[in-house]
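Same chain, two partners: chain A is paired with chain B first, then with chain C.
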Partner chain A sequence: MAVLLRPARGSSGLLLAAFLCVLFLVFVSASSAGRDVVSGNNETRRDPAGGVTEEEDTHKKAFPVLSFKYNHVRKPFEISLWILLALLMKLGFHIIPRVSNVVPESCLLIFVGLLVGGIIKAIGEEAPILDDKLFFLYLLPPIILDAGYFLPIRAFTENLGTILVFAVIGTLWNAFFIGGMMYAVCQIEGAGLGGVDLLSCLLFGSIISAVDPVAVLAVFEEIHINELLHILVFGESLLNDAVTVVLYHLFEEFSHAGTVTVVDAVLGVVCFFVVSLGGIMVGAIYGILGAFTSRFTSHTRVIEPLFVFLYSYMAYLSAEVFHLSGIMSLIACGVVMRPYVEANISHKSYTTIKYFLKMWSSVSETLIFIFLGVSTVAGPHAWNWTFVIFTVVLCLVSRVLGVIGLTYIINKFRIVKLTKKDQFIVAYGGLRGAIAFSLGFLLKNSEMKYMFLTAIITVIFFTVFVQGMTIRPLVELLAVKKKKESKGSINEEIHTQFLDHLLTGIEDVCGHYGHHHWKDKLNRFNKAYVKRWLITGERSTEPQLISFYNKMEMKQAMMLVESGSTAKLPAIVSSVSMQNIQPKGPSRRRAIPSISKSREAEIRKILRGNLQQTRQRLRSYSRHDLFMDPFEDNVSEVRFRKQRVEMERRMSHYLTVPANRQETPSVRKVCFEPENQVFTYDDSESPRGPTAQPHPSPADAVSLLNESPQRPNQSKAQRSTGGDKTREKDPDEQEEQQKLSRCLSDPGPNQEEEEEEDGSGRS
Partner chain B sequence: MGASQTRSAHKYQDLVDRTGFSVEQIKNLHKRFRHLSGNEETISKENLDRIPALANNPIKKQIVDAFFDKRNQHQDEVGSFEEIGFEQFLMVMSHFRPPTLKTTEDEKEALRKEKLRFLFNMHDTDNDGTITLEEYRKVVEELLSKSGAMGLEAAKAIADAAMLEVASTNVPHMAPDDFYEGITFEHFEQILKGLEMESRMHIRFLDVDTTTMRCGKSTS
Partner chain C sequence: MGSSSSNMNHIPDAEELMQETGFSSAHLLRLYERFEFLDREKRGELTPDDFEAVGRLALNPIGGRIIGAFFSQGQETVDFASFVRILAHFRPADTNRRDGAPQDPANSRTRKLKFAFQLYDQDGDGMISRVELLQVLRAMMGIQVTEEQLQSIAERAIQEADLDRDDAISFDEFKKSLEKVNIDHKMSILFLR
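And now, the complex of A and B:
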């Protein structure tokens, strides 16, 4: 408490607000009970009386100017209040940096949940508990979808074998080891655990053995560990869902029957395959449907994100209907859908999907941890020292043994082996979380249930608090490789692709069909058949390198626009520009008239003045349209002005791919086609002639980009030097510049110059 | 019989030391070599060109050339062979070995350098020590060669952007009149540092002879 109340003005204000929210919530729920009664009485009095009484009523009472009708909005109100509380807490933690650096967010949230639960219980109210329907149907899917949609496919498929071994065999080992050992423990005299039979122990083991994706995500997100370890632990936590589902249902069914026969065991194995493969298939089908739908959404961009969300959610629910693995279905749907959907949807929709997923998963995660805390306080507990202590110890032991044993086997098949450090992190990262709790909650009511629940909660607390808090210093201590900052380098992309082809080629020379060969085959199949069906128009034949390049270019241009003068410019600060790279080619093919500096400045001023006026056009507002110009939305006039300078400099860095792209009514349409095509480029080597043709575009298009005037003095000077350079460049260069100015960027004075030059030339 | 066996063991031993493969792996590769060469002692470019699976590979020519490139033999020679023997074949293959658990950090560095050198040689076709813009353009064009006309146009722009990136990262401040000659090996290493070549550029060499000569799958 003292930690939270430390005087930092902003945070204390927020926390105060949060506590007020809590108190209000409690008060409201308490008083609503009273309110129910009162209003109920009023109703009963009025109804049987009939019309006469009503008249009397209208005479007696004055028209209520202000009335209090809380029941009407009770449920949504409380839900919103809870979510608001959760988010305010989250906000508060990040304002206090000291705490959030040491303690992972999940711990803080559980702590808050405990507090809130305590308060509610102290008041004597019924606290909301994390019941399974709320958890499995509403809170879990967003997190899993977020994880699945943004799953790093390359790393995942390269390590799929390892991940599967850990997920399936590791979880089985954990379940049976813990279950068996707990049964042995229960046989100990004097522990008071005689009533727990083998099957119940195994059931308990199967619940507690699964690594939880929510907890893993929450903790691993903050330690930024290298991709391999992250994908190993995280992939394991996702894929063990199938095993957990099967084991849970198997043992639950038979804990009533009392015995398990061999036939049941075999059926269990079959069930496992059905559950996992079935889940994946369901997800894949919905994924393909979603991809196919997104092919036709070019006219209704606003609802594009919804398709992604709804298809994925349907995949999850459909899998749950048949008791298939919902998590695997959701992952499969996201993975299958993503490459095609991203090729089809607009940039805005992509951003929307990304942010909505992150938002929902963040809210879900926060709520889960808070509710976990509240449920801990609220639920009936049956504490049994032996049981709980042994559970915790056995969980740790079995995890360590399992990881070591499995790694020994796995390393025989892996090319890049897992080191001891890796093994330690994988073992230590086996956190349990809310899934175990909810599964425990689902058990039939019995005294054992409460004992199990208590033990489960203890394990969860232990793993989240102890392991969660200590993993970060341990990572530092062991000098585990951290995640490398990926800047989206075009060179890396080129070489990654080159390497793929090279390795496939070498494998072919060697004569065996390895990993690369099959990947290559899949890619070719994908390109030849699938992409044609699922991606609109020309993008279906666009090679990956080009799409990557386009994406990067767009990203950089957006970054330029959105970074205000206060933000640090992210790109490399360097003065290298195209002319440093272009070989000094043969003599220029065109004589460029030189203009004096003063004339140049004059020209610029005139053009700018004219172009600025055309910007003031009115737009009609429609709720269903997206604004065509992303720049106008985000960037205020002032900021734009300030960025011109930097943009000038950077324009020379970025090249564009000649316009052969799908015109989509979003960012791409902002491509600026110059009215006058200045240079007819007759360089023989480039077949780009036809594409460099101008499209007759309205003056409006021009104005969209040539917006605000620059800052007067400084920029002018810079511009003139830039302008001088323009003159000395080769035609190559100018062609590049021309193209530069064509897409997504403020062409700046170079463009104007060239136009003007042409104008003067022609006149 | 015994004498020839020990002789072959010795022969392989030398190769084991030089290339780092195990004896079983060398035996397998030798079988493959003999299949490719039609039981001759040497193979020529045509033998490699005829591998059916390579036909779909956009950089097939570069791969085949790499086998015949003298620079990859680590003997400080330049130029290219007309035909290569098994030893040269093996030397080229040795560039694709993965690091083992016992590889130290220094050895990993050396391994990475070696692999990057191999890649560099593939790009630097005129062997002047730098990858010029023209050569880089060629690389990207080859990569996009299976994508039709659109690919060729884009290749130039992409190569230029990539070159710019290399220049910006390595020589941040160039005067306007300076000219960036080309990517040297140091710059090449620098820009590909993030890819961790020693863990990525490898294929699985089989210890057990399950390679099939015609078609069919093999366990790997």
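And now, the complex of A and C:
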């Protein structure tokens, strides 16, 4: 019983807080009206210099210990309160799992917005509406930037043709079909819609036809659908912005002018190309600028994320200045900037960028949906049954027809065809959202504006509520492939690159300039010219596989540190056979560090020093410095821990220690004992195995110990080539893994026992 | 494409080839034209020099291996039938199987993977050893990478893929490590459909 009460109390506490927040908000907006008058008087009396007023006053007031000066902070206060309310709501939903499993978050947020709007309206106050400036300039860019920066490029470019067809032709089809059919509907006698002419209908069609990225993201995020479908619908929602912008402006201009000529239509087509390509170009320029700037930020790491955000935002705003497609500009900027910026910035900045983008986009999304709800309650409506119902029906019909027709054509050109299930999801996932609402809000003609707005809101509600809620059970029902959770695999990366080269070669043999040919050309161009300018230092020549590999290592290392393994720092002497290894290239900043004995001592010293230094640093706090913590400098320590985890994993497989091993000499081996003790020994020195020199470690920790203090000469001799500087490049885990693989693959004398354990492994 | 029927007569065993590989007659013709273009000395066969005349193959890190794949064991020349058979591996998979089609067509997933595997496994022992993997990595990454880095990557790759711990990757392990990759997509050239 107590268990049940506790979560209930938690959620009810939260709801109580949210409710109080709402009440406070309402009270504040109500009282601010009254406050205006009072503070006005106070202001006029304080206008002359403060001291003079008080002297002149015969009736001296007591010095105000506590005063109420709300107007001063009114605007930021209300904004913060709104955002806080939105986030508390979001928090509340996730505490109640039953609801959030059935209803997508966007629906709940709209519902909350409706409630709040209703409360505010009931009090008789003016509710804030989602006006277009707020939406387009502040709320939309973070979401688009978040989407564009983390766009999966490979999937996107592979399906670019399909996405473009859906985005351009699909949206055009939707717009004209809905517009035309609505005009036919308006001709029906008795509907009272006679005043709506063709151009207005087309304008309405163009507003309502665009699939909305915010709504798609909000719903698709939760159903974890497979990458192909996700990128198709999402890519379409991003790229159709250009079409929407052009159509909207086109029809709006003409609805004032009255007639459309062929010249205008041609100009419209030209305008489309200008808008889309211009937007992309603007974004690309800012992206290159951003990448170039990030090349020089190695001394001011703190402000690195800001460059990414500001350049992207400037790209968006610049595109909006010229009426180009701001969304495409933002996407292009993020896509162009990302590979170069990520090569230049520190790991911390990368994390910062990731989390800030996610945070901002989350807040924006929440606010958008809440404001949608509030605006629904607040705005003046003109409900017309015929218009609204036909709009909803036609939206569905045109979407389905469009998807089916286009897929039939597209499938002729695709290798991996779209099945009927895919088509259904693509059609069903065509959600409308706040962009349509804001565009409707921008309409100047007021007689039909409210009717349009009502219809738009109805469509949005229908798609978000009905389609949003039912898409998850439908996905389950149709057994659509879900997103596979796969960690990066170095094998896949190697083989994928290999296959890319293979296909490029085959295409060359066939004399065919295909997909791979152009990709290869782009990569070569990138490597030869662009990378040199935009990436600092030696990383500009780093092959992609190495970056991938480093990233994977880093990720694993981070995971290890976060999991808080407590083993002490081991030390390994590298005893890898060093046949003619010539160090190539200068030592890099992010080279895989080696662990030699002296280095291990260094590391210990640095760690100790830094831990003490932290206390000192705190006294002289500077806002501009990120103090170097030992972690970033000493990834080596973390690598050990990673290896330790691997070994712990494998420990359970091995119960005995192979005794005699005559393998390549001077390879250190790691063996395991059931009591979680780890011994190391050198084959050349002690063929008897662990019985010779046991170095037991604590029961719950595994560590690789170095026993070469007794034999410093030998280990130094083994390390002789290259000297300490080249040690920098020795990968410690390379030898670790060699050890492991030797140990694990070694037949050894205990053949039968090993075979038992390996029985499952060997085919 | 001109008088395709008369041109088809030039192609030896055209019917059989079409049956075996699944190419249509238009494709076969196109490939024959390409074959004749590459065969500068008009011998009816291709030598490695003819392949190397394709300039872009020289830039390809595994260009040499690709050329080598066309020439089966010990042969010095490639005739048209072998040329077509190799290229048949890269056809996109047929969604609707014709009745007369062979049971294991050249463009099945297994056959495609086998072809790629053989490019890795130069000595033909059925396993990709560490040395062979290192060679491929070195070819793909050029001179900017140190030996140690290559070693560690190869080490990690073998560790991930090598399930029976024999320090080499067999064909089954190779297949398994690529099970999440859409091979049909990655190893198909559209125009060869």
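Operating definition for what follows: the second predicted complex is superposed on the first by the 547 of 763 C-alpha atoms of A that agree within 3 Å, B and C clash if a C-alpha of one lies under 4 Å from a C-alpha of the other, contacts with A are read in each partner's own complex, and residues count from 1 in each chain.
Convention: a residue touches a chain if its C-beta (ideal position, glycine included) is under 8 Å from a C-beta of that chain, and two chains touch if they have at least 3 such contacts.
What you see is a predicted model; the values in this text were computed from it and never measured.
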Considering only the touch criterion stated at the top, classify A:F498 as touching first (chain B), second (chain C), both, or neither.
-> both
Between chain B (first) and chain C (second), which, if any, makes contact with A:S489: first, second, both or neither?
-> both
Based on the superposed arrangement, let me know which partner A:T419 touches: chain B (first), chain C (second), both, or neither?
-> first
Does chain B (first) or chain C (second) touch A:A479, or do both, or does neither?
-> neither
When the two structures are overlaid on chain A, which partner does A:Y549 contact: first (chain B), second (chain C), both, or neither?
-> both
Which parts of chain A are touched by chain B and by chain C alike?
-> 415-417, 484, 486, 489-492, 494-499, 501-512, 514-516, 524, 541-543, 545-546, 549, 581-584
For chain A, which residues count as touching chain C in their complex?
-> 158, 413, 415-417, 484, 486, 489-492, 494-512, 514-516, 524, 541-543, 545-546, 549, 581-585, 592, 729-731, 733-734, 737-738, 740-741, 744-745, 758, 761-763
Per the touch rule, the chain B residues reaching chain A in their complex are 29, 32, 35-36, 48, 51, 53-54, 56-60, 62-63, 67, 93, 96, 98-101, 119, 122, 132-134, 139-140, 143-144, 146-154, 156-158, 160-169, 171-176, 178-180, 191-192, 194-195, 199-206, 210-213, 217-218, 220
Using the touch definition up top, name the residues of chain C that touch chain A in the complex.
-> 31, 34, 37-38, 51, 54, 56-57, 59-63, 66, 87, 90, 92, 95, 116, 119-120, 136-137, 140-149, 151-153, 155-167, 170, 172, 174, 177-178, 180-182, 184-192
Which residues, counting only chain A, touch chain B once they are in their complex?
-> 411, 415-417, 419, 484, 486, 489-492, 494-499, 501-517, 520, 524, 541-543, 545-546, 549, 553, 572-584, 653-658, 660, 686-688, 691, 725, 736, 739
